[in-house]
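Note that subunit A is present in both complexes that follow, paired respectively with subunit B and with subunit C.
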Partner chain A sequence: MAMVEKIKNKLRGNGFLLAVTIVLFFVLYIAGAILYGDRNFTSPQVFLNLFISNAGLIIAAVGMTFVLITGGIDISIGSVIGVVCMMLAWMMEVKHMSAVVAIILVLVFGVIFGLVQGFLVAYLKIQPFIVTLGGMFFARGLTALISSDMISIENPTFLSLANYRIYFGFITYYNNRGVAMHPYIYLSVVIALLVVAISFVILRYTKFGRAVFAVGGNEQSALLMGLNPKVTKLKVYVLNGFLASLAGFAFCLNSCGGFVEQARGFEMDAIAAAVIGGTLLTGGVGTVVGSLFGSLIKGIIETIITFQGTLSSWWTRIVIALLLCFFVILQSVFKSIREKRLAQGNEK
Partner chain B sequence: MRRSIKKVAAGLLATMMIGTMLTGCGGGNKKDSASSKKETSEINIGFSQVGAESDWRVANTKSMKSALTAKNGFKLSFADAQQKQENQTKAVREFITQGVDVIAIAPVTETGWETVLKEAKKADIPVITVDRQIKTSDDSLITAWVGSDFKKEGVKAAEWLIKEKGKEKGDVNIAVLQGTIGSSAEIGRTKGFKEGIKDQKNFKIIASQTGEFTQAKGQEVMESFLKQNKDIDVVVAQNDNMAFGAIDALKAAGKTPGKDVTIISFDAIKAALKKVQSGEINAEFECNPLHGPRVAELAKKIMKGEKVDKIQYVDEQVFTKDNTTKEVINKRAY
Partner chain C sequence: MDKLKKMTSYRLFWPIVCLALVLLFNLIKSPSFFEISIKNGVLYGYLVDIFNRSSELIILAVGMTLCVASSAGTDISVGAIMALSGAVSVYLLGSGETYAIPWIAAILIGLVVSVLCGMWNGFLVANMKIQPMVATLILFTAGRGMAQLITGGNNLYVKVDSFKYLGGFLPHIPVPTPILVAIIVVILATLFLNKTATKLYIESVGINPRASRLFGLNSTKIIFITYAACGLCAGIAGMIATSRITSIDANNVGNLMELDAILAVALGGNSLAGGKFSVAGSVIGAITIQALSTTLYAMKVTGDQLPLYKAIVVIIIVTLQSPEFKKYLNRIKAKRAAKTAGEKVA
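So, the complex of A and B:
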């Protein structure tokens, strides 16, 4: 029972961190609206673009959240996204496979990739950093092996998927040139939001979700509770592998091509998004909604800098670095307070 | 604990409400700002640049920034993509929602632009591409392109090499430091050079790898070339920064660049021309980065509704020790 209480406590603590993230996002959004309101910052499309441009990141960050909660890490996902794009392009353009088959195959690839990494981490007890470092090199190498040249996707089914827009016809706005526009989203946004919603339910309301937290909080206790940490970890890496390949698909819907350098360093963005969203690298704490907002915060900083127009876009990195610093400090303060409280509770 | 969550939730709700209120205000003003923009003839232009990976690129950015000034009637929004295509699509998307008058793109890659360019077309914003080209299924997505004829540069380099080394007996071993794979410069120069030396039976490309247009990577790749192959006769570096890296690597291996190994490079920036004069680089094929004035002129014409030519080549030269005088070097702005 004590364990259940502990987990509850952790969730509650995380509620505060999550709130900070969400408030920060809206503060940034309002700041942008005040500064660049005259340049269409407040148009609904700017808001939706955050989702369109970061759909891949959102999906990847959700997968990363699961891994981080178990106390693991996965630095292979950028490369997995790269190889997924390349495989899609190669299968459709060089091998002339149908889009549907290609998409299914890359998702299967992601699952297998996750399965292998998960097996090495959970059953052979190899450090997740090392395992996924290997995965990262492997996937990037595989990308170059498939083709060192860029392959552009011209498959009509895939292009129609990529260009399929869902319009919000009931909202109309005018751009600076006076053209009437309806805000829209792409398919990738729908996928990303579905992933967030489903993952939220899994993490919060299923046995598996609770096991993920338990394993990350304290593996020994989880074992005593009758959970199998190995199986849980394996499942998490498989899920993450699947989500990484799904992120790759969403990414590819945006780029419509395969290219060796694609999505390099993407894993770091996903980790940053999760940490800004309140996930602890030490495990046991994290939410998918937090990671969603973490991704959006990165997006909104980029948007503000683009609207500003003269700042170097490297400022995005600097601001993210400062935010990371801020959140890590906040988390550690929070953790120490909670530990004190727990200690007091135990004394009683 | 529970109470504090409620407080936070209440605060959050309040912020959101303020947020929507502000959104509402902004929305109302939109039409006014649109009409006021039309009165002033200032042209809003968004420029998405690849990055700052080479001196050539920096010169290109400078040229664009100095041509698209307020004095010339422009309002420039500049976005550096840090060599990532995904950053570029994001920036272009923001330009579209901002509603700029013209979008200029120096693309990182040739492909992957369909979706975002269609968005631009839908918003009725003309797109000018600079330097590298973009491949699309629909020609109307791009209004004009300003840049160099990369393939011709490659062919010219091949012609020069044939003149220099064509009569030599035995094999001429060539190592190529390619640029970023998939970029127009890399594709054009690789293709042009390969086609140019096609009939030259003794010319052998024994190694070819990307140095990503940077000095550090150029040096690294050259070092690995030298480890694998002892007798490299010619190094073709697809930009100057990689040539500098290659020169360092050759020197470290105890070879004299320009004498033991013939060095061909592209771009012809000032620092490279100095090396042509000192004999470390044998031939430079210019790639003119000063696109700014041409883009400014094009943007003005397009805004006036004039028709413009779709392909706009800039003029380019070949530099060898014979024609690279001090004056030429001093005149070089980049």
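So, the complex of A and C:
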């Protein structure tokens, strides 16, 4: 009985939204399996490809979730991913640096980028939208300044990292020609899942995670509780800068090159993933797991549209917009129900 | 000293200073900057060019100002609405030697589409109480896709010459049409806002929607109307943008314009947290952005590097305008004053 009560409590409100997201993901997956099961949609590799092609998005969406929970926003991450890819390519191919040094340098760049943005947001109290808009322009311009041509990465260390496959030896499936295959993932997926797991623990079980929620819920109260909202916000933007550059690294493992227009509009995908995953832009509410599933939902829609074959790629965006619409209306309905319940409670 | 203080506390002081600085820089660099001549019966010169190119941004900024003021949120779908309404008009006009339907009808239908988009945003923000950025993210994501659906994924061209008028020059009129349209939009908006109580209503809703509700204002309706107006502005800008290139390119028309529009609002000294606003400020902000771009182009910065310099200037400007930074400066000033006072006493 207590168990039922517990589940009921969890499902109330935001837990319910998360559950809807997860259920939706599986519904879409099953729909795809029924429609295109004859074309290997159900093969484990197609499922893992969802993670492979969206590893960067998952990492970026996790960083975005932190920022959104504090009530801020970061629209610079698409450009940061672009500049990180370009910097990696430039450092390794033009400056012939070693892959390890290049990777460390871009991660440091991400942290510094986040630090500056965080300082402007937290200490100078400039609206996050404007600060990160500046960041977005800055990073994109910097990408063009480094090189206006595409640079492909041919560094052997980096390529071996990018092509390093981790096979699941214990799963065997048969492809179209009946050959036995083991499904595999790339390094980027491992990074993405680690980021999700670590962020989950940070948000849930650490002092910092609690502070993030408190600041996002009500900054004034957080201050009165003895928290330092400025420091918390700064830390969140630094973390986000780091995760954005890490997402850029994961992105680069897939694309193996840098060009000016890379990952344009990526920030909106990350925001959409977070919103579909149940994060509120007003702050105070959000889960990392939701953002993971939000990213995967985008992936599954893309996969279904690819399998369908005749629909153009912009259908993906229309379907995502419809889903977004569905989720924001659902959130809004839930909010009003909760407010009504609160009001009734107060009257009693 | 008092006069100076009064001047600096004037709302539009800082935005005007920023614009003046950008223009001054140009004047020093190339003295011919302010020259305006008439070539082939039309006005010609850097300043005309800046005004001409900033027209769409000015129109967008007017609409954006209203949204920001009433709902403390930004409408990020304006660029997509520009593309969508432009696509509708161009599709209706067809690419034959003559218009498929009368020009004015196509333009009006395009504008109706943009208002409908604005109303959809307004419905989500005002009635469904969804955060503006998320609500407009929906059209931001879908708008261009819908425009692509209409154009079939191709760039459609209008071959009739008179289609160029809106984005170019009307016969026998030396001033570029976009400037005229922008001026008309700004004047109409100002008259409507200031001659009626609308401005006051929008500001009070922006400052506190609940209190305004209790006061008897229909907050929901006011927010709804500002978004519809923003949609209309986006539609007008979309018409100009498509006329400029006599075609619709659903991927690129108004691309990232929403960001410039929001920036224009912020540079104009308006708080993105809603409440009091100044349309004139946003217009100045829009011109500043365009002046900056033109300046950088003149300095041989390529188009894709442009954002880097723009970002640096923007960050400097918003830092200077930030209240926290001003407080910090005042603290230093106070310290220095205390020191000199102390020395005098000694």
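Note that in this section the second predicted complex is superposed on the first by the 330 of 348 C-alpha atoms of A that agree within 3 Å, B and C clash if a C-alpha of one lies under 4 Å from a C-alpha of the other, contacts with A are read in each partner's own complex, and residues count from 1 in each chain.
The rule we apply is simple: a contact is a pair of C-beta atoms (placed from the backbone, for glycine too) under 8 Å apart; a residue touches a chain by one contact, two chains touch by 3 or more.
Owing to the predicted nature of the structure, the values given are computational and were not obtained by experimental measurement.
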Subunit C versus subunit B on the shared subunit A, clash or fit after superposition: fit
Partner chain(s) touched by A:129 [first = subunit B, second = subunit C, both, neither]: second
Partner contacting more residues of subunit A (subunit B vs subunit C): B
Touching partner for A:260 - first (subunit B), second (subunit C), both, neither: both
Touching partner for A:26 - first (subunit B), second (subunit C), both, neither: first
Touching partner for A:312 - first (subunit B), second (subunit C), both, neither: both
Partner chain in contact with A:181 - subunit B first, subunit C second, else both or neither: first
Angle at subunit A between subunit B and subunit C, C-alpha centres, nearest 10 degrees: 70
Partner chain(s) touched by A:148 [first = subunit B, second = subunit C, both, neither]: both
Contacts of A:38 with subunit B and subunit C, given as first, second, both or neither: first
Contacts of A:331 with subunit B and subunit C, given as first, second, both or neither: second
Touching partner for A:64 - first (subunit B), second (subunit C), both, neither: neither
Gap in Å between nearest CA atoms once subunit C and subunit B share a frame through chain A: 5
Subunit B and subunit C contact sites that coincide on subunit A, given as residue numbers: 148, 260, 312, 314
Subunit B residues within the subunit A interface of the complex: 1-2, 4-5, 8-9, 11-12, 15-16, 18-19, 22-23, 25-27, 29-31, 33-35, 37-38, 44, 46, 76-87, 89-91, 93-101, 109-112, 114-115, 118, 122-125, 135, 137, 180-182, 210
Subunit A-facing residues of subunit C, complex: 74, 124, 128-131, 133-135, 137-142, 144-146, 148-149, 153, 259, 262-263, 266, 272-273, 302, 304-312, 314-315, 318-319, 322-325
Subunit A to subunit B touching residues, read off their complex: 12, 15-16, 19, 22-23, 26-27, 29-30, 33-34, 37-46, 49, 52-53, 148-152, 154, 159, 162-163, 173-179, 181, 186, 251, 253-257, 259-264, 302-303, 305-307, 309-310, 312-314
Residue ranges of subunit A touching subunit C (in the complex, touch as defined): 73, 75, 120, 123-127, 129-131, 133-138, 140-145, 148, 260, 268, 271-272, 275, 280-282, 312, 314-315, 317-318, 320-322, 324-325, 328-329, 331-332, 335-336
